[in-house]
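After this come two complexes, each holding subunit A, first together with subunit B and then together with subunit C.
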Partner chain A sequence: MIAIYVCAGIAVYAAIRVILERNTMRKLPFLNVVSFAVTGIIALLLPHPITIAAAAAYFVGSTLESNAIASAWSGGIKK
Partner chain B sequence: MIACSALVLIGMAAAILHRDPFDKLISLSILIAGIFPFIVDRGYLDVAAATALIAPLSTIFILMVCRRENT
Partner chain C sequence: MLDEPIRILIAALICWLNFMTVDLIFKLPHSGGVSGATAIAREVEKGGGNLNGGYMMGNIVSSPDASAGTLLASCGVYCAGLPGGLFAALLVYIGNRICYDPGYAGTTGCITATFIVYGAVQSGWFAASDFIAGMVIAILTIQGLSSVHASRLIARLWKVRCRFIPEDKP
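Right, the complex of A and B next:
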């Protein structure tokens, strides 16, 4: 039961760091930290076999999302 | 659950206060991350998996709109 509290604390701390950071490129690692912590919360919250599938789907989706934001912000290949 | 509510509220306040569209998208993804434990807590695991795969698609479609002009 202590592990889910640790994950929740990490999620809130990383969200506050995302708010307080000024540079957009420095926000993105903390966004990844929020995604990992929420994946941990989802996996620990409910003792059911499909929970790990939902956690894996959220992990894939959030990583895809933050990488898409990062690649669009950096502007792609310079020609 | 209180931490996830805090996550949703932090994402909402940041999405309102930021001006840059990429900062708004980052805050929006924090908000979506805060929603998921509420869906899983009720036991709707299939809904959570489907939403986790559909929500990044909407983010990618918004990214097509707000692409940087000075590349």
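Right, the complex of A and C next:
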């Protein structure tokens, strides 16, 4: 089961990059890699049909958070 | 079956080609879908990268695109076979609508990835878990190593795509 270790290693690497990156907007792509890796780990740990919904919910939620952070940082909704 | 590390690397290449092709066809590097994606693109450009490549990186961060579709399709096939992958496509479409995105790239990428992963598993050469790890490696090469080099690579591929479909200028 090397796949899960690959995902976990990449998640830790990307998390360290998030901490080391100083610019908030450039942190977000690394955070996206963490979301991908954690979604993969969820599916690999729990091979059950309902896991698909859990993994998708986690991924969409984290994407929406990144979207909200980036939009708020860039000045929010332009009127 | 080959050894697992080799299978994961080949799966990563297949996933990379799948999501990059679908994203380029659906014009993700053309412009930012939401204001956050445009802001990320500007920061990538300020750091020495390319604006078009930055747009695509921003769009991947801001909404589930074909890369997310490929990952969730792999998870779906791993957990529940072909119906699982197609169910994942529905969830990606709902996720796209939540993130204020038309949802074409994500859903198309998820459906193509479902058939690719299911076909690869049926052929007996791969396991679905290889594609989950492969997709995580594929997104690492775009988002996780160097935003400058990744954005320049995407911009180069975007120029090639515009040469074939010339009405969209890069």
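Rule of thumb we're sticking to: the second predicted complex is superposed on the first by the 76 of 79 C-alpha atoms of A that agree within 3 Å, B and C clash if a C-alpha of one lies under 4 Å from a C-alpha of the other, contacts with A are read in each partner's own complex, and residues count from 1 in each chain.
Rule of thumb we're sticking to: a contact is a pair of C-beta atoms (placed from the backbone, for glycine too) under 8 Å apart; a residue touches a chain by one contact, two chains touch by 3 or more.
If you're wondering where the values come from, they're calculated on a predicted model, not measured in any experiment.
Using the contact criterion defined above for the overlaid structures, shared-chain residue A:19 touches subunit B, although it does not reach subunit C. By the document's definition of touching, both partners, subunit B and subunit C, reach A:28. Counting the residues of subunit A that each partner touches, subunit B and subunit C differ, and the larger count belongs to C.
Shared-chain residue A:73: touches subunit B and subunit C both. Within the superposed three-chain model, A:40 lies in touch with subunit C and out of touch with subunit B [touch as defined at top]. Once the two complexes are laid over each other on the shared chain, residue contacts for A:58 go to subunit B alone; subunit C is not touched.
When the two complexes are overlaid on their common chain A, residue A:48 makes contact with subunit B and with subunit C alike.
In the superposition on chain A, contact of A:6 is made with subunit C only, not with subunit B.
When the two complexes are laid over each other on chain A, subunit A has residues 28, 31, 42, 46, 48, 51, 53, 57, 60, 64, 66, 68-69, 72-73, 75-76, 78 in contact with both subunit B and subunit C. By the touch criterion given at the top, residues 4-5, 8, 34-40, 43-44, 47, 57-58, 60-64, 67-68, 71-72, 74-76, 78-80, 84, 87-88, 91-92, 94-95, 98-100, 129-130, 132-133, 135-137, 139-140, 143-144, 147 of subunit C touch subunit A in their complex. For subunit A in complex with subunit B, the touching residues are 8-9, 11-12, 15-16, 18-19, 24, 27-28, 31, 34-35, 38, 41-42, 45-46, 48, 50-51, 53-54, 57-58, 60-62, 64-66, 68-69, 72-73, 75-76, 78. Residues 1-4, 6-7, 10, 13-14, 17, 23, 25-26, 28-33, 36-37, 39-40, 42-44, 46-49, 51-53, 55-57, 59-60, 63-64, 66-78 of subunit A are the ones touching subunit C in the complex. Interface of subunit B with subunit A (complex): residues 3-4, 6-7, 10-11, 13-14, 20, 22-23, 25-27, 29-30, 33-34, 36-37, 40-41, 43, 45-46, 48-49, 52-53, 55-56, 59-60, 63, 66-68, 70-71.
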